[in-house]
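Here come two complexes built around chain A, the first alongside chain B, the second alongside chain C.
== the complex of A and B ==
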């Protein structure tokens, strides 16, 4: 000990110590994420010179926005140690219910009914998780099956109803201005700012962290945990609904499985973004960068013309590597 | 309707007819067959139409008293268990859209050994005792590609948007597509992607492709079609010729979008109903070919015949993801209303 103390007259600069890096990752996860994002952009430029343009950036962001909204559901629920695997089915439901109701009810009622249905699904999740203490993984997975089943029946009823995506939704979800500024940012920027503000500055936001960090302590200090969870899953359902409407604005075709494939990508975006699946740590800014990274990565793998199987392996491996690096670097040990 | 009319007829038991028509009347009148169906993908417009077609044809045939449908999202193991359940339920025939060409062979062999007629629809199985009713997927790839290459005057770059990697339908279509490419050496690929028959993924791919600025003269899609046209319109990109399937949304675009040249290649979900007819014919002791492959039609909006086919099929009320080839001549007898009602015997 004394030897060490004696020889550390010139310690390495703080930025080079593992400790400093760990602290950086733990407290400002967004910095290394932005570095990773930058590295991917450089890699892209090397692999496919000349592709990077305002148009291209716009297209990546337009695709990242609905994913980031779906990932918001995961971020918020993961903060409490939960997860919401029903977002794919619920988002698809929003898109499909909205599109099938537009011809008969008009866009406003269609959107309201669609979002109300999502809120109900979220409420059911919240009651299951908050009151009956069903594990969120089981509860939301089961809910996704229930929603898909109901939608399959609904689809057969509505198959000849005509389905239309209103131009407002298409403009908002899929449109661009000046050729490259995606309109869905108009929806997303206020939404994202709102979520980040709510997490940092409101009682509800702090309760999410408190419940995830130590539910028992939260309960003992007077928090009605079940109320927090019910409200949380309703919010998650509504956010999933909004994501579904943005997706259908891009595709202009609604199906009952439209968003299914993005559930685990959304979980990955939140995990890459530095939110712990064990609860209590994380935030939305990292998730947004995570969604952009995944959107870029998907595009990169497409451009590389990799065989589908190899793409899936690489995609999975990268997510795993980043998540593992996180766990290691940010581990409290 | 038909069914109850026959009931009434036989109910009167007209004696005069008895000797002459006893056999055929008995065969038609007795709606006695119990048929099973197995499908492994839920919520997909094409597959839903296939299921409705199976139900409508079972009802319309008047020969099916009970239809048991195993229709859920599952894999090979799940489908094997579904098929076992159908065998145990005592069905006389099974219509199956197989999840894999060879994973089901044992259970299919078990069924056919027990005297059950097994008809694979849409996709083939390698078990030789099964019958097959399917669209000719290699021709599907070929005829659409040939139309497109012809349209481009044999010169140009095509964005090739395939289906799901590794599925037999995608591989067969690719074989047809490459055969057409070999005939038009001036055609090159501007890009090749797998949409996985996923609409959101296809939308992302076309948007990224458009943003990349790679020049292209035409687009071939494996059925994720209307979304691609919408992306071209939204982005203000040139409306190049597009090949898609006979999905209601795409056919409507072919009929209505000014300046869009395109062709819908038919891929009817009604192969399900045709499979029911095939099974009933085998059960009735008729000679039936082991494999029936129907040749896809090309409905292009640049010729009078194609325009007529599009106008006849176009129905904006139908769900955009449902194929419009809702019946197959000689093989299905239900009406459009009956398949949309999606009711089977006893429903």
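== the complex of A and C ==
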């Protein structure tokens, strides 16, 4: 029989405005992100006057699309408090399997088989995380090694078959119309709308947030958490596959490590986009802006002709700064 | 009772206070233990016993108060400091590290081995293989080892928190004997137990806590129990008087409902689970609110775990509407209409999500509901539940910004939204304000009136009269008594909860204070 007494007095006005800002950041993280994006564009204009053009915008967006799809995997898994580090290997697998099967099977079967392989890798992740309760970090990291190993073997078997990226994939992944509208938006816009709709308006989307916010509460409400996790990692695997196909459309050359270097960038896009790595909070819209910001930043650092090493340092530092600022602003005292 | 000279006091704690946020766990607790006595520390659930023990053993830092050991002021800022001052605890849960063998466990705390061997033999465990992994020892042996380890360092004051709860009768006897003999060497013992028989047999005096304050010190003589129960209850609060209207209403309804319905919604037979729940049977009928009363740790957590599908029973049967059922997951229980409202809202809520998402959470739980949400249906069900529970939705975008009472309403609204058949409430009013409490009682009555069955475990005894039709009392993992709400006044419930037989009448005043609350 504890005694509850009155809580603290009302906060001073200055604190109130800070509180309002915090709330804005927490509930509409997209607003400050767009401001940041705008600031980067202005910075770009100052540093490299005259570069900004429809073509430039087109190329930024074209490169941002596959990153945004890869970051969708991170957003969805992070909402449940997980992560998917296997997306690099899985996306590369999609690209490589597709390219090697095209000469013998034609593009349709090649794409279907490639995505099916990604789905299987996702299923394995889901079973590991959801049923055997392996930590997602470990599970997906291990899975990426398994996939890479399998692909190395596959590479040896398929060495004589040759590989080809079909024109459909090249056009869809890397092509543009009128010189500046990237075709991959045709794929991406419905996909992005679909993901955002699913997160807000479907039972499955709700459950991702629920599992990430409080797994025990979800369980007590009758949610069989393993089902959610298995389905989630399958979806993540498939999305990674799609991202891999878009990447190979841009590069036109498939290798078994094509997408590896984008994995952490994708994680960063989701984090910058306001999705909590601890689960339960975030969304896809922010992630998309995060991917555009990172795509712009890569472009800027390239244009500035920084040496590769310095570029990586700056890149990392900026990601850290944004993430830290974000945590500081949104976290409860 | 003579006041002892200050130097006689081995431990003298006065004015100890501790608050957790807005909750005052201890307000003005004091405890005086003389040299060479066994002193009982008593109080109802939530009276502050465990907080006081934690403060005395350095696990928690008090906000105020002085602690003198043998007349010297001591700052007990850590468990190590408490040990240096001669205060050594044996807690409710085994304290051995399961993955180390006994010898390593002793080394870890720098405990000499020979005295431990001596005390283990003395406590009736015989010789023990020091190379056995702690996890391979039976629970009772672990407890005895905990005690032997504490005795081996020859503490000035030994604190025993529910030491005997997990022990079989023969070991209990040895333990009580050894503890009692501590007196001979001028050492003292603070003894916490829910068993009056032990307290009577062992203790010299008892300090009683209520609502975070020391309300009395009693010399253990014949008849002391009744005085203690009286102290634990205190005078009838304004709270009870204010809610009395609900109570009379409740009892009135009870009479009408009982007559009409005889089949049971839930039948529990011989349920056993874990180390605490031994053998519980009862029936829950549609249209009634059945109170469940038990002191802490009598098996009620396990019981609710089994009923809500969170854990499996080791033995026993469950029948819902006459059909045998077995739950492997909360989803199974929910399918049978058994929904669970836990005391700890942190367990049940998505703190970062909205009121709406929290209430709608069970809607999406099943695989076939993973598709598009029928927003309009959801909105109407959710707002219906919000209206019915009168949830304050000013801060509805994040549940963590709601008050405790409103949070608890959300956990209930979740089930009310789709209609309730059987609701299992585990102390749903813990730590919430009186107004919300009354609203919750009224809601439970209303659910029952509409044909639902409600099982209400409560740690606040007056709730039985306020909200229930009858009560089942569990002690030591077994149902010891069942009574109608009309006779379930606090003295009666408390007596039964301590496992005392009904024959022992309580003093007139205690009954009088409890009765005058209800006009």
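Definition applied: the second predicted complex is superposed on the first by the 317 of 333 C-alpha atoms of A that agree within 3 Å, B and C clash if a C-alpha of one lies under 4 Å from a C-alpha of the other, contacts with A are read in each partner's own complex, and residues count from 1 in each chain.
Basically, a residue touches a chain if its C-beta (ideal position, glycine included) is under 8 Å from a C-beta of that chain, and two chains touch if they have at least 3 such contacts.
The shown structure was predicted, so the numbers you read here are calculated from the model rather than taken from an experiment.
Participant: Tell me which of chain B and chain C touches more residues of chain A.
Facilitator: Touched residues of chain A are more numerous for B.
Participant: Between chain B (first) and chain C (second), which does A:233 come into contact with in this model arrangement: first, second, both, or neither?
Facilitator: In the superposition, A:233 contacts neither chain B nor chain C.
Participant: Considering only touches as defined above, state whether A:315 meets chain B (first), chain C (second), both or neither.
Facilitator: neither
Participant: Looking at the overlay, does A:188 come into contact with chain B only (first), chain C only (second), both, or neither?
Facilitator: In the superposition, A:188 contacts neither chain B nor chain C.
Participant: Now for A:326: first (chain B), second (chain C), both, or neither, which partner does it touch?
Facilitator: In the superposition, A:326 contacts neither chain B nor chain C.
Participant: For A:213 in the superposed arrangement: first (chain B), second (chain C), both or neither?
Facilitator: The second partner, chain C, only.
Participant: Kindly classify A:44 by the partners it touches after superposition: chain B alone (first), chain C alone (second), both, or neither?
Facilitator: After superposing on A, A:44 lies clear of both chain B and chain C.
Participant: Figure out whether A:284 sits in contact with chain B (first) or chain C (second), or with both, or with neither.
Facilitator: Neither partner.
Participant: Chain A residues touched by both chain B and chain C?
Facilitator: None.
Participant: Which residues of chain C touch chain A in their complex?
Facilitator: Residues in contact with chain A: 22-25, 27, 44-47, 210-212, 308, 310, 329-331, 334-335, 340, 342, 346-353, 357, 360-367, 369-373, 375, 397, 400, 404, 414, 431-433, 459-460.
Participant: Under the stated contact criterion, what part of chain A meets chain B in this complex?
Facilitator: 48, 50-51, 53, 55-56, 58-60, 62-63, 92, 148, 151-152, 155-156, 158-163, 170, 174-176, 179, 247, 250-259, 261-262, 298-299, 302-303, 305, 307-309
Participant: If we count contacts the way the header does, which residues on chain B are in touch with chain A in the complex?
Facilitator: 42-45, 48, 52, 73, 164-166, 191-194, 196, 198-205, 207-208, 210-213, 226-227, 230-231, 234-236, 249, 316-322, 340, 342
Participant: Okay, in this complex, where on chain A does chain C touch?
Facilitator: 1-7, 27, 201-204, 206-207, 209-210, 213-214, 216-224, 227, 231, 280-281, 332
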